[in-house]
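Structures incoming, each one as structure tokens.
Shared chain: subunit A. Partners: subunit B in the first complex, subunit C in the second.
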Partner chain A sequence: METAYRRDEEDAVSACVLDDMVLLYHRRSGQTHMVISPVPEILERMVDGETVTAAAMHDRLARDFDLGERAAAVAEIGSHLDALVALGLVRPA
Partner chain B sequence: MSEPTPDPQSQEAQAGEAGSPAPSRRQLLMGGAVAASAIVSIRPALANTAASVLNCTIPVPDQGRAGSAIAPNGQVVPAGTPGAFPGTGRSFTGEQVKQAMRGRPLPGTSYEQNQAYLNYIRRLQRGTSGFTCYASLQMPR
Partner chain C sequence: MLRIGPATFRIGSAWGRPIDALARLYADYPDVRGAIADFTVRLQPASALRRWVRPHIFITGDHGLADAAPMSLAHGLLAAEMGMNLQMALGWRRHLLLHASSVEKDGRVLVMTGESGSGKSTLAALLGERGWRLMGDEFALLDMASGAILPFPRLVSLKNRAIDVVAGEVGAARMGPLLRATAKGDIRHMVPRGDAVARMDEGGMPALLLFPRFGHEAAVRDVGQGEVFMRLTQASTNYVALGEPAFAALTRFVREVPARAIDFPSGDAAIAMVERLWSETP
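Moving on to the complex of A and B:
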């Protein structure tokens, strides 16, 4: 089955935008993550708190961005989501 | 303009973008196969002891509330609350919690029980027993 993901509660993270980079301070772990595209774009599209699969995230991103070949883009989005799970910013739903 | 980023992958991607004809839609910089290249983390000093992660423990719930139950959303509620799961009266190891966050349930728990306990662990705050262990699990490898 395809993994669905959900963003952690919005107040779990404090964000600071620095040009092309975003600093995310994760309150619970006390860690600061410096993230670049496409991570901020992915997280932006999860603020509604709904669960989303890598394929569904691809479709959300594809409304605004040219993502190239679908299968490759979905795989990359999935690995970004998994990386975010490892940091505690996103959780498998 | 901004300083060049230290990430060689993103520099390449930016150079590639500048050299190509203007796309009708913005190109999203994808990290390629290595997702971690889009994320750099600053670790707090407390979590520098990666070796201890496997051995540290997280009580569910902490000893001060040992008789209480865990609601599905992870909140600690009075024992006997409908829908809540009894506290385990035990601790899980950092390694067990790490595996659980990747989808392998905590030992001896049902699916819903595992979700409730994990939600409890995710809600741990600084100063609560098990917090330091949980925080150290969230270090990138």
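Moving on to the complex of A and C:
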């Protein structure tokens, strides 16, 4: 079965856009993360707290961005979501 | 007892000499006998016997490093200075501490940060003799509420070639003893000018951040905000400990203060570059 991901309210970060990256301060861990696209865009599309799979995230992103070939883009989004789980910013649903 | 900027230190030593040297060099600092100290620094023998036989100093205090190497008694002044730096680096929580030098002109502050040997201390010392107010050569204190930089004007620690450059400019009366062959080479301390001490409670808003690098052809380079943020977190000893207020204060600093990296072959070349960049700063 396809992995689903979600963000809780307590996963909230405060974000600061610099000229070449986005900084995320993660309150729960006290850690600061430096991220670049598409990570901020993925996180923005999870603020509703709904569970989302990599494929569903692809469809949300595809409304605003040209993501190219679907299977490759879904795989890449999946690996970003897994990396965010490892950082503690996103949790498996 | 010694007060430098907002921090008060109580310094004790098993030997008289380091205290005598501090008393001479810090003679014009505020008299704070009876005040409550933020930190205690103690210089004590590495063992009971070592108080007398080939005396070696071990630096302790409220905060210490377990693996710190003992130092020769001849370097007692340096041990006291290092002890104070250690307390600040490990224990200060009232401001975001940046390992940086700073100088002020017209109420606005120039902050310079870099590794040991980058020239930030020397540059701050020279600017402090040429129309700027020295705020500190080691730590700049960023006030998290206001965004201002506050002074920490301890003795300026000059190393190796910088010693002659600065000593020639300020004269022997404001120089400490030459400490030969320390772990960082030869070191000599310089007493800041009277105005730096008299105005040590007076901060200012940061206007320019420089990353100096001594020993290269003259060059100026823009530094992206992401790199600035990363380098400043590396230059801060208490960024993580202070949590979200530090994040807010540092991101504000990075977004509001223009930053440049400067390479320079000599002190005079550096000062010319700094003055030019300062005149171009909005």
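Keep this in mind: the second predicted complex is superposed on the first by the 88 of 93 C-alpha atoms of A that agree within 3 Å, B and C clash if a C-alpha of one lies under 4 Å from a C-alpha of the other, contacts with A are read in each partner's own complex, and residues count from 1 in each chain.
Here, a residue touches a chain if its C-beta (ideal position, glycine included) is under 8 Å from a C-beta of that chain, and two chains touch if they have at least 3 such contacts.
Predicted model, so just to flag it, every value in this text is computed and none were measured.
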Self-check item: subunit B versus subunit C as contact partner of A:A83, first or second or both or neither
Solution: first
Quiz item: Looking at the overlay, does A:L61 come into contact with subunit B only (first), subunit C only (second), both, or neither?
Solution: first
Quiz item: Now for A:G30: first (subunit B), second (subunit C), both, or neither, which partner does it touch?
Solution: both
Practice problem: Name the contact category of A:C16: first (subunit B only), second (subunit C only), both, or neither. | Solution: second
Quiz prompt | More subunit A residues in contact - subunit B or subunit C | solution = B
Self-check item: Intersection of subunit A interface sets (partners subunit B, subunit C)
Solution: 18-21, 30, 32, 34
Quiz item: Which subunit C residues qualify as touching subunit A in the complex?
Solution: 224-226, 229-230, 233, 240, 243-244, 247-248, 251, 254-255
Quiz prompt | Of all residues in subunit B, those that touch subunit A in their complex | solution = 2, 5, 7, 10, 23-33, 35-36, 38-44, 46-47, 101-103, 122, 124-126, 131, 134-135, 138-141
Quiz item: Which part of subunit A faces subunit C closely enough to touch in the complex?
Solution: 14, 16, 18-21, 23, 25, 27, 30, 32, 34
Practice problem: Spell out the part of subunit A that touches subunit B in their complex, as residue ranges. | Solution: 8, 18-21, 26, 28-39, 41, 61, 64-68, 73, 76, 79-80, 82-88, 91-92
